[in-house]
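In the two complexes that follow, chain A is the common piece, with chain B as its partner first and chain C second.
Entry: the complex of A and B
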């Protein structure tokens, strides 16, 4: 049924053998795996019909003058140590501060890393099975992926500034397969921001995968800013594994797209590993956001904390399904989960499915989910001080979502995200 | 904290673990077919519409697959062919205590029924196996127009009252087990409380399973007319057998405008019982329905009492305690379906997992579009006693539109080592301290039960805790 999606992916002969066979295996897995339905627990409440891969073909490279425009429009962080600009899964611009190479950091587009660091990439490329329902789409990604970011930070290297990558999607009926790999070796520290943007307003598809590997005592801070156009359907899966004493912070700022599903797994494999999972979502018009998470505690004394906040306008729909799982031997683990929905319209719909599966006894786990509207008293207070209702609404909404951004420790990144969020709320 | 398990002592069930030789006059044999349905309908000499209802339900049962979404794998171990679907000692419930056979009487005496009745109960409908064996109502209740009868009698004698709501709150096709119940139901309580009548004393029924391989399919329908109030209590103790026993009840509650219904259950099935129950209520304008539920024992319990909040300002509540011991899975929860403005619901669930026990909470809260002023509060707390214990929480909350507020909270913890240490210092054994601590965990909910139930409940919890700490 999706031949058109797969046939355009002839693996280049220069690519390593393991990668070509991985792609072939993924292609056959994609064809055999059934399309998920709403009856599957992982797709409950999900408007799966929005996601027929049949409607799309692999993205074609963009014309030179367009890519120049996109590079010019790639304004992200004020300071960064390096950046990539991809347009339709093709590298169109790159920058790397000299200090990266000096420290032994590998910052390469995936297509180059596959050739120059084949063994290293093989060790980390899509090593985690899909556990949140998207096995079929992950297989599609595996079969189709061509480009992405590969970031390897050696032992003890602590990068002073963040890195960033822009993933542009242009044309119509096109599909891109962005990929991001971060490998942070022992006691290293790194921050990466991925920007997902559209050139134009046509209907396209994105099917992305992240592999984040946090070594012992390492710190990885990863941000994904999703600003697809209002016609785009997207599905991103993220797999983070954290070794002992490692810590990861994963922040999603979800602003665009028609239908966006994101799956995020944080697997705490080493003792005293920690992860923070954060997301702020602005949903309006008929946008649908579907977020599925798993906090997977596999070692003792691990810690995870999730905070997902959604604001809903118009006929928007959000679903957050989060599961905390504590394995039998993962004693003295703490796991927390908070989902907050702010509904600003009589037609919006918020679904929350917070879940716990606890198989160890010496644990502290809790989850909370709330759904509500703006407090009339807060609004009255602001209006009585001369703030027009519209501004008051916007201020309260911003404050509500900003609580998520405030949890991100890196100032330069946070300030940029706050600006992006303010711009998004300006129309409300 | 040292909660090392020395031995997982099988809980002392001497209280409920006894049975007498079976002497069933009517027995439909094992297995299920349309002939079984005809047999049941013949024996009960039911009118044609009930017979037809049963036959249709059986077809639905056959056509429906086993539940997949919320189901546990253990469900596959139910062998429907090996179950006896109907047997009864006699067809008419006997009203005088003297007429009750001696061995049955002895069983009930050990359960304390006559004593409790002497105390203050307004009426007793005691079900032994399928049919109500003993049924007695105080004259005063009858004078007020209160009807308290078994399901067969209710449908035969008062169709004008019960037919209207029978199978309406929980349709036959709701799930496979509600279809099964609709096909083979017998026993249970049908209650009607006329407008404005407020019952001061609770109505009570005891259910017991006494025959091996025998499924119990009682059917309960309670209607509280405008402004009426009642409390209904259902207690279960089942004797222990080697092979699995199926219990699949359907309980429908209807609270008309301004009515109040409290439905109290204390369940203590033996560890081989499959307890798959569908319980749902409809609350009309300003009505209030409370499910107060305590689940102890059984091999697998799946029970999610629900309230459909149909009228403005209706209120629904589920208060539930679940205790899962070795080999037991308590899969319980609540459903709150808001269907009118300003409706409120509250769910408080506490579970305790001991040894290899597993307690699961599943919840559904649904607030559709264009409703205003709806509120839901859900709290689930789980306590894990041993390192092999397990607990899960799977709520699903849907809110459409602004103007409503929903909050859900859940926590999982273990008994605080400091608390245990403190109590041990003051001379309690570790087991005593643990028991006290667990009782403290559920205490605020236990208080919601009627007095004699809360005493029994604390004792049941103590029994279950025996042997869980070394």
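Entry: the complex of A and C
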């Protein structure tokens, strides 16, 4: 079978052998695995038929003038210790504060890390299998990935400011495979923001993978801001593994794309590990957002808390399927899950599919999904202050989603995200 | 210059009539108080004037400085100069108090005009100090987790920031202890002046010890049945509302 999507230039001979063989294995897995259908448990309610990965070819590098424009347009955080700008899976700009190297932090584009830190990358590269339905797309990613961010924070290093990476997608019919690895060793602390953006309006595909490894007592705060253009198909899988007393916060701000699927797995492998899974989604026109999560409690006294909020306009559709699993020995664990949908149009559709699999006896666990409209008394209160109904709607909607952003503890990041959210809601 | 309520009849949409020919004129620079027993229509009156969608006016007029506000949406009424301090202020999760008040101020500017942030915060902090509201309340979500007293102070803060020509204070004393009541009353009194007419709605005379009205009205059965000076509030306090009801019944049968 010819597979245009996989007809990529052969992996450079300078790349390590393990990486090349991983890619080859992934390519054959991609070809073998069946395309998911809506009949699959993890694809219920999903318009998976709406796209065919074979419609896309690996993204070609962008012209120099365009990459210069994209670098100029990469305005994210007000302060950061370092940044990468990728355009069509190619590094076009980089910055790293001297304190990173001084502290032994590795902040490299994946293509370089594979050469200079081959063993280290091998230990963490795609070590978690997809368990939420996207095995085929994860294989596609593994076969096609060539660039991304590799961030390694040594034991005890607590970074004073966040890092960020921009992943631009340009052209038409192109596919990118953004990759992010964060390794936070014992008692370290780090914040990273990934921005996913399009250079123009065109039908493209993004198939990304993140792997976050949170060591004992370490803190990882990771944000992904999805601002693809309205024709992009996006599939993203995230796996977070948290060791003893470690904590992770994963926040997704989902704003763009035509069809956007994100899977998030949090594995709490060490005792007293904690993860917060947060997402705020603005869905309008015919946008579809499909989110699948698993809070996997594998050790005692672990804690997970999920809050996903969706606002839906027009004919938009969202699906959140959240599973909580507590292993038999994971006693005294707490697992919470809350999904809230705010419906602003009679034609919008919000699906919530909560699931529990509690195998331990002594656990605290709650889950709930609600779907509602703007509260009439809130609207009247705002109007009674002179705020026109349309502005009041926008402000209440902003507040609804901002409650998710408020949970993110880093001020500079939160303020930038709030600004991004306000800009997204401006047209409503 | 006044807020005139003329022969106002209103009901719950498709339901029971609540105001039955209410007449009232609140002149700029004066404070009127409305007292009345539970269920007399006091709180509903404030919502009807502000344009709450649960109620409909069946006849009569509400004129703000000579112009009818009844065709206007609630937000247009507010921008025309009306303010309602709620008995139960609404919580708005995720929207900070500062941004909320700012949006209300911004709504009063011409298209394309931007609020000066430095001036705005300067003014906001000054008014908050008057009302003894801690600065941390600018970043907190509107009324969320506020105590009863904090909510009422926040209403008076909004009134100070929006500078209405006519303000209706609906049961501003309810749920307040005496210390909170004094702070809220001081905030209201600080805004008292020639540029604003106020209507203070209350069940108890207590509030009127701190905000002295020029005129006191009694509302029973959707109509004003008595109008007099501040002494009327004291009379009601000592005799109760039954006295008015009995009086009304007598004059009706006479």
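We adopt the following convention: the second predicted complex is superposed on the first by the 425 of 428 C-alpha atoms of A that agree within 3 Å, B and C clash if a C-alpha of one lies under 4 Å from a C-alpha of the other, contacts with A are read in each partner's own complex, and residues count from 1 in each chain.
Following the convention adopted for this analysis, a contact is a pair of C-beta atoms (placed from the backbone, for glycine too) under 8 Å apart; a residue touches a chain by one contact, two chains touch by 3 or more.
These numbers come from a predicted model, not from an experiment.
Bringing the complexes onto one copy of chain A puts chain B beside chain C with no clash.
Within the superposed three-chain model, A:406 lies in touch with chain C and out of touch with chain B [touch as defined at top].
The wider contact with chain A, measured as residues touched, comes from B rather than the other of chain B and chain C. Figure note: vertex chain A, arms to chain B and chain C, all at CA centres after fitting on chain A; angle 80 degrees, rounded to a multiple of 10. In the superposition on chain A, A:365 contacts chain B only, with no contact to chain C.
In the superposed model, A:391 lies in contact with chain C only, and not with chain B. Shared-chain residue A:200: touches no atom of chain B or chain C. Of the two partner chains placed by the overlay, only chain B lies in contact with A:328; chain C stays clear of it. In the superposition on chain A, no contact is made by A:104 with either chain B or chain C.
When the shared chain is aligned, chain C comes close enough to touch A:376, but chain B does not. Legend: residue contacts after superposition of the two complexes on their common chain; A:173 is shown touching neither chain B nor chain C.
Of the two partner chains, chain B is the only one touched by A:349; chain C is not. Of all C-alpha pairs linking chain B and chain C after the chain A fit, the shortest spans 16 Å. Contact residues on chain C toward chain A in their complex (touch as defined above): 50-53, 73-75, 77-79, 83-84, 86, 89-95, 99-101, 103-104, 107-108, 141, 158, 162. Note for the complex: chain B touches chain A at residues 1, 3, 68-69, 369-370, 382, 384-414. Listed in rising order, the residues of chain A touching chain B in the complex are 39, 41, 44-45, 328, 331, 341, 343-373. On chain A, the positions that touch chain C within their shared complex are 375-378, 380-389, 391-392, 395-396, 398-403, 406.
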